[in-house]
Amino acid sequence: MSVTEMFSYIQGFLSADQDIREDIRKVVQVLEQTAREILTVLQSVHQPTGFKDIPSKCLKARELFCTVQAQIADLKTKFPVEQYYRFHEHWRFVLQRLTFLAAFVVYLESESLVTREEVTNILGTEVDREKGFHLDIEDYLAGILIMASELSRLAVNSVTAGDYGRPLRISNFINELDSGFRLLNLKNDPLRKRYDGLKYDVKKIEEVVYDLSIRGLAKEQEAEGDK
Amino acid sequence: SVQKTDYSINTSSLLIAAFKVFQQELDTKHDKYERLVKLSRDITIESKRTIFLLHRVTSVPNVEEVLNEADVKLDAVRQKVGQIAEELRGEDLYQFHKAFTSGVQEYVEAVSFHHFIKHRTLISLEEINARLVFMRHEKMDTKVGAEVLWPGTCVLTFQVTHTDYLLGVADLTGELMRMCISSVGNGDMDTPFELSNFLREIHDGFSYIGNTGPYEVSKKLHTLRQSLSKVEDACYTLKVRGSEIPKHMLADVFSSRTALMDQDEGVP
Amino acid sequence: MSVTEMFSYIQGFLSADQDIREDIRKVVQVLEQTAREILTVLQSVHQPTGFKDIPSKCLKARELFCTVQAQIADLKTKFPVEQYYRFHEHWRFVLQRLTFLAAFVVYLESESLVTREEVTNILGTEVDREKGFHLDIEDYLAGILIMASELSRLAVNSVTAGDYGRPLRISNFINELDSGFRLLNLKNDPLRKRYDGLKYDVKKIEEVVYDLSIRGLAKEQEAEGDK
Amino acid sequence: MSVTEMFSYIQGFLSADQDIREDIRKVVQVLEQTAREILTVLQSVHQPTGFKDIPSKCLKARELFCTVQAQIADLKTKFPVEQYYRFHEHWRFVLQRLTFLAAFVVYLESESLVTREEVTNILGTEVDREKGFHLDIEDYLAGILIMASELSRLAVNSVTAGDYGRPLRISNFINELDSGFRLLNLKNDPLRKRYDGLKYDVKKIEEVVYDLSIRGLAKEQEAEGDK
Amino acid sequence: MSVTEMFSYIQGFLSADQDIREDIRKVVQVLEQTAREILTVLQSVHQPTGFKDIPSKCLKARELFCTVQAQIADLKTKFPVEQYYRFHEHWRFVLQRLTFLAAFVVYLESESLVTREEVTNILGTEVDREKGFHLDIEDYLAGILIMASELSRLAVNSVTAGDYGRPLRISNFINELDSGFRLLNLKNDPLRKRYDGLKYDVKKIEEVVYDLSIRGLAKEQEAEGDK
Amino acid sequence: SVQKTDYSINTSSLLIAAFKVFQQELDTKHDKYERLVKLSRDITIESKRTIFLLHRVTSVPNVEEVLNEADVKLDAVRQKVGQIAEELRGEDLYQFHKAFTSGVQEYVEAVSFHHFIKHRTLISLEEINARLVFMRHEKMDTKVGAEVLWPGTCVLTFQVTHTDYLLGVADLTGELMRMCISSVGNGDMDTPFELSNFLREIHDGFSYIGNTGPYEVSKKLHTLRQSLSKVEDACYTLKVRGSEIPKHMLADVFSSRTALMDQDEGVP
Amino acid sequence: MSVTEMFSYIQGFLSADQDIREDIRKVVQVLEQTAREILTVLQSVHQPTGFKDIPSKCLKARELFCTVQAQIADLKTKFPVEQYYRFHEHWRFVLQRLTFLAAFVVYLESESLVTREEVTNILGTEVDREKGFHLDIEDYLAGILIMASELSRLAVNSVTAGDYGRPLRISNFINELDSGFRLLNLKNDPLRKRYDGLKYDVKKIEEVVYDLSIRGLAKEQEAEGDK
Amino acid sequence: MSVTEMFSYIQGFLSADQDIREDIRKVVQVLEQTAREILTVLQSVHQPTGFKDIPSKCLKARELFCTVQAQIADLKTKFPVEQYYRFHEHWRFVLQRLTFLAAFVVYLESESLVTREEVTNILGTEVDREKGFHLDIEDYLAGILIMASELSRLAVNSVTAGDYGRPLRISNFINELDSGFRLLNLKNDPLRKRYDGLKYDVKKIEEVVYDLSIRGLAKEQEAEGDK
């Protein structure tokens, strides 16, 4: 093989790679659009009027997650399955956002922590890495931490909306989450940075609970929150 | 090896003679620069320590005492500035400006902090410069650039530049912010609002100047804005917390608290 | 044409270009000065005493905007109309600041979002790009986002000044703005970065509203703010 | 010695240095794990139910500090004793955390400030630098400041838990600490930054005390708080 | 003086400063234009035909230096005489270029090194700093070093033009210059960098002299070169 | 305004007493640090001047004279290093290392340059350290960390760290490159090849260490590679130019040239 | 118009803009490919064998420029004509490369400097900015400077190929070019930086001429080169 | 599954991941050491005496490549084969260096360009990505470009060592390489940057050939080099 032939062959390879990246970028853009739509639906729970119909908002979000599943199914077709980490950077960000949204919906529905399996069900990814397009564990954790910060906001706004019981329940939930994260031995990476933010969320929610306590507003719902 | 004839040993060369003069001129300049850098470092450290000392005013009963102690420290700093002035005698200040600018800025920060605590106003550039006048006894002949008063004595002055003044005041705002938070922590209900107004005035002043000032000033604007926002938040908190109880009751509340704490005093 | 002649001709061209830039820079400097004066007028609303005479401050700002119009009219004469984007960088920054100031005045007057058309009226620029010196849409959006951050400061200071109704109204306004921005598909550019700052403003204002709510200070004005 | 020999000699030194650092890193990781465990034990005092059995939690933490002592004893064997500051960066962070935890335990036990000597006893380090593996003064001070911030959180949560006397005692303690720090001339370094944070802790606690005062909640437990 | 007054006063000062700088920039631009013209005149000595009428070129350059003197006289009026170093950066570069040009003219005329006094005469600056607008010693030295590099080019081109004596004379001259510079203690600054370049000029000229030597071309013009 | 009771006046407080000790400890440390920074700056300047002086060896006939003059300068520098050692008596060297590392590196550069010119070899770390032993007369009681020889006298040592040695040698290569170019310019046909071999050895040494060394070393590798390439280019040029004339003729050429220049010597 | 409507309208605008940029990027990629092909054709003149058939290589390059014209014609259709400078950055680089290639072809054909008009003819752009897609004057100059550096390489390689006359002609040409550039008052921008590189090209070529002169290789062709 | 259980499970996963990375890092460090040893062997060809026994140096390098093969075999066992790109960053740099060394050996032995297949044989990696631990094509190209720059150094030093034939052969080789790279459409990435360096190598080598040509030193070997 002459040098020219060899380089022609290599160019073919490089072109194919660039085409794949282009395809991925396009699908990811569409996914980001859907993610923003789900966010808009869920954001309205922070409004004073939003607390009333959380269930209907969750339903609406669930519907949009069907679109997400279709788009992820499309994404899977764009590259060889075993090269997930070759192109990881392209979808890493949007998968974290979608995990956050899935976790938020699940919390609003059942006040419980979404598992990685549930997220993969909601998004339509695989559970096991070996099976193909999966949710990287660090991306799952990042999504959970985004939700924690959203919950501290929810605690604040639920007081504004007159719901004095929710903050205490959120406080318990977030404390459990914090204990969970303390079990992890995180490296000095973006995830660690995000986790450092969690303690501010914990503190913020504790202050909301404090404000309710000192005014005697938390008492009536305490028993309920203890469960 | 083939070695060329040497020219530097040709001591009669006019060129070499000229370069020997250049060598001396350059070395003299660099030596002076180094001495100024060292003076500047000393000024920085002592000014910083003065600022730390001044922060104690929010916790001690006798403010005057702290102010006097700070003034003594500042006098020592001024002596160092005097040494700079001495070095700059007959020189172009701007030629060596980079060597001592950071020290002078720190001095401006310290002296304006002192002034604010004492007078609750912004010290002016003139007031700063007025204290940087130094009397010197001349051992040798009188030199250029120093005004002769009577034989053997002369007056040396040091002029803080507008930019150094501005940069020092920009840093002052950080100390004001710290003082504000401390005051709130010490239960002082008035100082925070006073500081907030003063800081807002300085902030508005800087935003009036905007990007027409030197580049270093623009760089500090972001920190300044953050300080202001911390102070405004502190005042906001004081206000909302205070809103929960009628104004006329506050005095009672606090007098009882003070009594409460007097009892505690013995406990470490 | 000899090389020398050609380069002389080119130098003529370059000189003309540099002269244009010099002229633009001068007018822009004057514009920036006026913008800073308007800012000084409007910033005084943050002072405890400033809340009383917002209308008079707005009037004063409006007067200064007449000066702005004259200066922009002058700016228009400095370069060929179709080369707007050739020199865009020169005035981009100041136009964003002026948009912010116009938006702030309009908000203080009517608590509504200034439209791009209104800004062009206030500044004396064209609405349509085709018509000439216009307000680039990204610059308009940047100006709006600067205002959002100023409003979060206003919410804080209005409480300090004893005005407990304003924060709730600002909160509603800023939430609407946030929803609007979520409709946009922003690239990874300065505008996107600025928009990321908006969520901090939203959160900040929500916390102010929370502080008022839990102390029962927001109640009297709630009905009003709900509209 | 030839150039090559010289570089071989240096390379030998560098390898040895890297090995030492690797060894240190491993022990430090284990130490961090133990520190996180102690933290988890002590974190539970913030829970409403946690206030009851502070003594038992302290005991449990004390036990874990024995593990810490063993691990630090191990750490000491990893490098020449007189080169403490050569490898300081590796354990600086964890020693600050451990100092914080020791100071927190001591505070919970006796409501007093742990001395530098006590910390060295708890951690199993030397008191004097000359004697070997000691606790740097700035690290000691940093650890104390971390505790101050934990105490401000404790003040908030003790109100939630219905313990109205503790905040005032914390307030007195932290105020004395603040007076102590005011005596120091700190450089513009991380410690200075942390100390700036202390002002916010003082402020926060002051606000809690204020809240209790205006509601007359501080008085009843006054006697109790005197202990 | 109120804060506002203070800032107005400072702003006044800053505006004045900017005006001065603007004025200086304009004069400096004109100076740079003249410097480029002198350069164009002197550049032609490198052409094969240029060696014949060096004297006439020098005369022409001398005339242009009169223009320089007028422009520097103008520059002096733009700022307070004792604040030379406040604005030094503005004219530093052009003064170095002009020093180079003056030194080059003097070398072409007399094959000797221009003194600092001569340069100040040619440019119309003061000799002593105390007397006003002078030539900074480092700028003088920088100008000399630019000339050295021009001379190494001249050595090359004089061979092309058939003048075999000049390189040896240049070699002697530049070697003496090098000896001079060796006496100086330079900081790690631009001047040091430029001086490092001198070594390459010396080396280049040495190579030319070598080329001539091995071909016996240097000898015939020896007598001539002695002048 | 409501002011809280002050705790700092409670001089009997154990806590305050402890913090007064801390204050002293910190101030003492910072003061020492500052003194070391100043010493380091002095060392840097004098080392740089020594290097400049040493560069004259390529142009003067009496190399010994320059070397001796440089040695006198280096002695002065060593005195300063002695002062650092004095400050570090009983301290952990690494605690203050940042304060004086740049000065020490510059000294290594100067002393290894001096050594190379004299011996054409790389000075070893041991050789450097061997000259950093200082005798001191003790006025007061003997302190820790200094070996007592006989009453009233003790030996102080300073140990250059491996990293500082490496960084100093890395900078040395820049000076070797300059020396190489100068030699070519002075018609010296042998030194460049000698320098090129020596520099190549150092280069190969550094690339053998690679990225296992400290970060600052890796940063300097690029400059080192550039220096080597400049030196290799210079040797290449010498070689191709020299190829045009048979070797045995070279001597003639140069002797005639030297004669030629001797005549010129009187001309400035 | 509601806020939502307004932002939807804005989103439409932003999408359109992004589509345009995407379209432009694609055409520019194709243009870059063609430019690389032309370069490969012209590069072969540096080979010892390449000097023989320069004319045929030029013809081949001319053919490829027809492709360029078609691609630029396509590019013109991708955006509104008056927004040239809005998207300038996208094609700036490739236009400079193409100008270099056109200038190189013209030089190889006629040893003369291509004018801007000729370049626009070769590339199929407009001459006047007003007429639409033109060649910005600074991009034209940048292209010329790239060629200058290619010519210094050609001078070196023509000696290797045994063509001793060409270097002298190149030297004259490049000197004229240098004089031309000295007429320009360039700002401190990328163009200025590139121009600073020109003097190295000038020097390099002079050294080639020197090498020929000292060996008596330039003489025979001197008369020819003088024209 | 409780939150604690879930996080314990996740921690298990993270630990495993960190262990893998730790293992990889260790093997890579050893590989780097071997690579540096090979480099030391090959770098000695630049020494004046080094040109004589290139073959023996190549043999020695070949032996060390056996060690490399064993180490890469070890590396392969450290992670699941399909996760190549997950850990790519760890060995990317050393693989590029090793490719350079392999390419250099092959060039020294046979003066031909190593193919990717040959490199994989020498290093003991797979040819096809699908088969497992392979050599990424961009890493292969990067290694080739490092060699190009080493060859330009070799051209210079071979002249110093008196070998006048080698530079011409290197020149031809590097020109062919350059043509090859021009076929590639490289993105604006590190590889592109490295490729931009290639043209300096080309130029440098051409100048060496020029220096030999003009002195008639290249002639005898020209015919040979032409093939």
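Note that the chains are named A, B, C, D, E, F, G and H in the order they appear, and that numbering of residues resets to 1 at the start of each chain.
Just so it is clear, a residue touches a chain if its C-beta (ideal position, glycine included) is under 8 Å from a C-beta of that chain, and two chains touch if they have at least 3 such contacts.
Just so it is clear, the model here is predicted, and its values are computed rather than measured.
Chains that count as touching both chain B and chain C, per the definition above, do not exist in this structure. Hopping across touching chains, the smallest step count from chain B to chain F is 1. Interface repeat of B-C: among F-H, E-F or B-D, over half of the contact pairs recur, by residue number, only in F-H.
More C-beta pairs touch across one of F-H and E-F than the other; that pair is E-F. For this pair, chain G with chain H, the centres built from the Cα atoms lie 34 Å apart. If you average the CA atoms of chain A and of chain G, the two centres end up 51 Å from each other.
Averaged C-alpha coordinates put the centre of chain D at 50 Å from the centre of chain H. The geometric centre of chain B is 41 Å away from that of chain E, both derived from CA atoms. Residues of chain B found to touch two or more other chains are 4, 6-8, 10, 13, 15, 30, 56, 59, 186-187, 204, 208, 244, 254, 261, 268. Residue positions of chain G touching 2 or more other chains, listed in rising order: 179, 185.
Listed by label, the pairs of touching chains are A-C, A-D, A-H, B-C, B-D, B-E, B-F, C-G, D-F, E-F, E-G, F-H, G-H. Chain C makes touch with chain A in their complex at residues 175, 178-179, 182-183, 185, 203, 206-207, 209-210, 213-214, 218, 226.
Remark: chain B residues 1-10, 13-15, 30, 34, 37-38, 41-42, 45, 56, 59-61, 186-191, 254, 258, 261-262, 265, 268 touch chain F in the complex.
Across the complex, chain D is touched by residues 48-49, 52, 55-56, 59, 178, 181-182, 184-187, 234, 237, 241, 244-245, 249, 253-254, 256-257, 260-261, 263-264, 267-268 of chain B.
Residues 32, 36-37, 39-40, 43-44, 46-48, 153, 156-157, 159-160, 162, 208, 211-212, 215, 217 of chain H are the ones that touch chain F when the two sit in their complex. For chain F in complex with chain D, the touching residues are 4, 6-8, 10, 13, 15-16, 18-20, 22-23, 25-27, 30, 90, 92-95, 97, 121-122, 124-125, 144, 162, 165-166, 198, 201-202, 204-206, 208-209, 212-213.
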